[in-house]
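Look at the two complexes coming up: chain A is in both, with chain B in one and chain C in the other.
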Partner chain A sequence: MPQISVTQGIALAVLCRLAAFLTDPCGYTAPFALGTFLAVCSQLLLVLLLCKIRLPQFLRILSGAAAVVWAGVLCLRLHRLLCVLHAPVPLVTLGLLLVTVCLMLRHPFAAAARTAAVFLMLSAAALILLPVSTVGTAEPVYLHMHGDLFGGFLCAWAISGDLFLLVPLLRRTKTPDARRILTGWSIGCGLVIPAVILLGTMQNGRLLGFGGAPFFMLLARTPLSDALRTDGFWLLLAVSLTALSAAALVQNAFIEMRDRE
Partner chain B sequence: MVSGDLNITLNAISAQTGNPADLVTLRLTVCGISCALLTCEGMVSAAQTAEQILEPLRQITGSFSGGTALIRHIRQNVPFACDIQEASRLSDVIRLLFSGFAILAVDGAGQVLCFGIQGYAVRGISEPSGELNIYGAKEGFTEPVRTNISLIRRRMRSPLMRFEMHRAGTVSQTELCICWLDDRIPPDLLDEIRRKLDSLPLETVLSSGYVRPFLEQSDTALVHSIGTTERPDVFCAKILEGRVGILIDGTPFALVIPQLFCETFQTLDDYNYPPAYATLLRWLKYAAALISLLLPGAYLAVALHHPELLNETLLRLLTDSEQQGAFSIAAEMLGILFMYETVREAGLRLPKAVGGAVSLIGGLLIGDAAVQSGLVSTPVLTVTALSVTAGFIIPAHHPALTVLRPAFVLIAAVAGIPGIALLLMLLISHICGLEVMGYPSAAPVSPLIPAHLREIFGRIGFTRLSQGNFRVSEVRRKPEQEG
Partner chain C sequence: MTCKKLRRYIFVILCILFLTGCADIRNRASPDALAVSGNLLAVHISGQDGTVTAECDPLQFPDAVSAAAGAKISAGHISVLMLSEDPARILPAYLQNGWIAPTAQVISAADAVALLNSDPPSAEDIRAAADTGQIPPRTADTVLGDLLGGSGVTALTAPAENGFRLDLWDDAGFCGALPESACRGLALLCGRYCTFTAADADCCFTVDHAKPEIHAEMYGDILQISVSGTFRCGMRRGSLSDAERLLSTMLTAALSESVTKHGADLLQLRERAGAGRYSRTAWRSVLQSAAFSTDITVTAGG
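And now, the complex of A and B:
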């Protein structure tokens, strides 16, 4: 049964959520961010519960199947995002995405885990640069806008397919490491993503009206994007993370179904 | 086995070797006993044969009961300056004979004496052609493995330095020398290498490229997880980090196991420059690798599919120049890449005098004539030139870059930036999945080893470098879990 390090575990779980977040048409308001935070808190409780109890075999198989389905959903969400962003030939890209995922499935699970660690570093660096680039244009007044707390809560649950990856990972990881992975995942999903939503809220209130992923609109309006816009990088990241998450979800599902307790 | 009868022994050797043209047999008598000195022409030094074997034999006096007694006397009482071995198996005798030993067969003895007086013509030690350094030593490995061992020994006088000879190639019987430092080598790594070398399914080993695929995890990988070097100083530095080196007779390229991906961006000169400058150079190499790999594809993706990513000035510049081109940008880009590779390959394979002319004509043709005729637009040419020039900074990745560059161009033409992202993802996953004998190539980035990340982001000073000497065993994948 392949085991991975704490960093790699955190990376896999957080990036799977980030992939879903980047392709999600969620709203950007302070209540929405709070709703997201509360959803992650409730998910944390669920994960703790699922790690404590012994799951019957059919539930584990069901969880594996759900992970594969979520991988497919992620691919379709990316396709939708590409359509909204008027990316070239989204259907061809979807086909290439599936080919990439299939090729990545030929690599060992450790390869996906290591790749995730590399992308976690890249994403972290990019997310650090994000607030720096928005310093001059952020308007805290937008934080007082009305928003849908419950909508944020539901939205965070709707993109929580990473739990199908996280729970099996934690169940086969030694306790101290599992605790660290869970802490890292909680910080990544419960604090960083709501913080990005808050940043987006302060950045531009008009994001609410955007039909696609507001994250890209947020980036398009930052000062750094004047000369050569940064959307390209984030689009690269969204596509890469979708491929990586889909491959990791499928591989993990196969491992889970193969290695029976 | 060697027979007690000299004639039978000589006939057996003659029969087994097919009496080749370069086999020289000199019959002589020592103290009344018939002997024969067998040598391989061109493999031994004639002066040394006369000086170190024939002259001492001539001076032997006394009477001996038989060949065995004579051989015992020679071994015990006659001082020789060369390496002497006894052999009783015919296969060993033939192997030593064709390795440049002089064989003294004595009538009545069941064994022969082999004198190591190799004297074949070899290329002298010269500066490595492929790994030039400004401040490093100007000595590079040469073809004979023994010379290369001496180059290492001169730099590593520690009694812990080990050299172990192996043979590979059922026909060529090529000598391989495994080198390591005994106090820092993971024993299982050494055992694994020995096992793999001893089971090489090869008839001959003509270069390091013959051996490397059998030691690596996959022989189709784009990036090697086993390094090569022509420099004894680099080789010693790697050995000091607990790696295993393999010298192969007949090639100046030594193998180093394992090699981490990040090391391909480091050179010996980095440790001669001030840390700030070396750090800058390191980042320059990372940027060059990205430019070399992605620039043509990214240009194509932006020009064809994402012109909105450019500001007005850049867009206008691009549109103006592309309007003058005769072909599509993708066709232009692939054509220029093809032309460049053709000119490069021609310049490389042709005799030096002609090769230079080919490069010159190719440069003129691509650089000037193609643009002036309108076949190629200037931005495409500039982007390609930048990309291939940047690739020269990291010669270790030249084959991979050559393969991947057109692949990125094609996928960018089809699917734009998302296509590039997917191929890049696949490439990173491929590199992260590489490992050799349990050592992941992507370490210390992934698996993450924070203490060694500093050498990735910059070159630290020698004071700090000496405090935490890097050992390659630290990046080893643990059987159960990665660190």
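And now, the complex of A and C:
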């Protein structure tokens, strides 16, 4: 059974959600952010429950299969994002991504976990810079906009495939470490992501969902990226996180199957 | 690392290098300004003299201009878009397809192609006008936001005799121009300027610090707008009361000309009043029948 550190566990769980979030087409509003927060609260309760009870074998197999399916969904979402952003040759990028995933699958799970820890630091640094660069163009008045709270709740559930990675990971980890991983995941998904949504709302309040890539629309308003196609860092990060998450999800599913045997 | 492994990694790196889509970058033309006037398009390409003109549907922009320029067009770096056309027809498709950046400046002109061929204003000129409080910043995303989420009336920057002014557009086309005082009042209310100097026959001053607050509240179907705040002004000539009178004139002109006369929501009044339930047409009617008041205080600054 592969042993990973707390940081690596948090990184795997959070980055899997971040990969789905970066490719999400749902438009940002303040109620959407609140819906996301509430969804993560409900997911936290579900995770706690699933970690306490003993899951029947067929549910564990189902969870493993769902993790593999979610890995595929992440790749398709990335392809959609590349098309929306008019990235050159999206199909070739997808092909290269699949090659990368296959290469990663040949390495042990701990390698993916170590890589995730590095990417977590990188993502955290970039997310810290984001509000600094957007502060000049933010309009807090857009936070008063009407929006769909339940829609936000559902959208957050729709990108919660990371639970198929998180729950088995927590079940395999010692209790104090599991608690820390869960706390880190809750902060990342329940506080940081809604904060980014609020930031996006303040930037593009009236262009709700326009363009199909709200996160990249938020970046387009920042002084650091005056043209659409200088968002290279985030696009590269989205590709990397998708590859990493897909590989981690599949490897984790295999580990679950092996443990069952 | 074994030779076999090394070869595999070299292969992957070469794949990445050759499949990035950037191999033909030298053959591409990168326009920085585009003018659309009916079915006539003109672009200015970075690093080249003169313009390239094409006659086609504006929504076929890259293909038509590529054919006219004899090189593939790398859109997305256009910093100035000049329109003689309804922005609601052009902007959604252009932004959706990434042909212009959301931060691109949108200019209204009677003949956009003629303007591009004569003495077109640069993005820097427009930014400088916004920085000095001549006009509020009107980038592509702001313009489209007004059309989609405001009242369907938007304001575009337009060249004027002594700088820039704002032209108003709605679904039916050009619907009026804002006078200089209204443009300056809107710039004050938007608060995105770096320096704001105002002068008339009686006074001349610089606004050192301003904190205007816009309150919008619905009373039934009646919108009440009130602007209040304190302005700290460095007086060069005249008295504080003269400055207060001039600033009040600008703010009143901004509200009367843009809101009540044309029904334009350039100040996020819909969001401030929590009036998301109104359709764009209904919201425009509400704005046109809105009541407003201004109550500002001017203090002496450095």
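Miscellaneous remarks
The criterion applied here is as follows: the second predicted complex is superposed on the first by the 251 of 261 C-alpha atoms of A that agree within 3 Å, B and C clash if a C-alpha of one lies under 4 Å from a C-alpha of the other, contacts with A are read in each partner's own complex, and residues count from 1 in each chain.
Here is the rule we go by: a residue touches a chain if its C-beta (ideal position, glycine included) is under 8 Å from a C-beta of that chain, and two chains touch if they have at least 3 such contacts.
On a predicted model such as this, the values are computed, not experimentally measured, just so you know.
Of the two partners chain B and chain C, more chain A residues are in touch with B. By the touch criterion defined above, A:181 reaches neither chain B nor chain C. By the touch criterion defined above, A:51 reaches neither chain B nor chain C.
Legend: residue contacts after superposition of the two complexes on their common chain; A:156 is shown touching neither chain B nor chain C.
Contacts of A:141 after superposition: chain C is touched, whereas chain B is not reached. Residue contacts after overlaying the shared chain place A:88 against chain B and chain C alike. In the superposed model, A:96 lies in contact with both chain B and chain C.
Residues 87-89, 92-93, 96, 103, 226-229 of chain A lie at the contact with chain B in one complex and at the contact with chain C in the other.
Those residues of chain A lying in contact with chain B across their complex are 3-5, 7-8, 82, 87-89, 92-93, 96-97, 100, 103-104, 107-108, 110-115, 117-119, 121, 174, 177, 226-229, 231-232, 235-240, 243-244, 247.
Per the touch definition, chain C reaches chain A in the complex via residues 12, 15-16, 19-22, 76-77, 79, 92, 95-98, 101-103, 141, 144-146, 148-150, 268, 271-272, 274, 276-277. Remark: chain B residues 302, 304-306, 308-311, 314, 411, 414-426, 428-430, 432-433, 440, 442, 445-448, 477, 480-483 touch chain A in the complex.
Of all residues in chain A, those touching chain C in their complex are 85-89, 92-93, 96, 99, 103, 139, 141-142, 144-146, 204-208, 210-211, 217, 220-221, 226-229.
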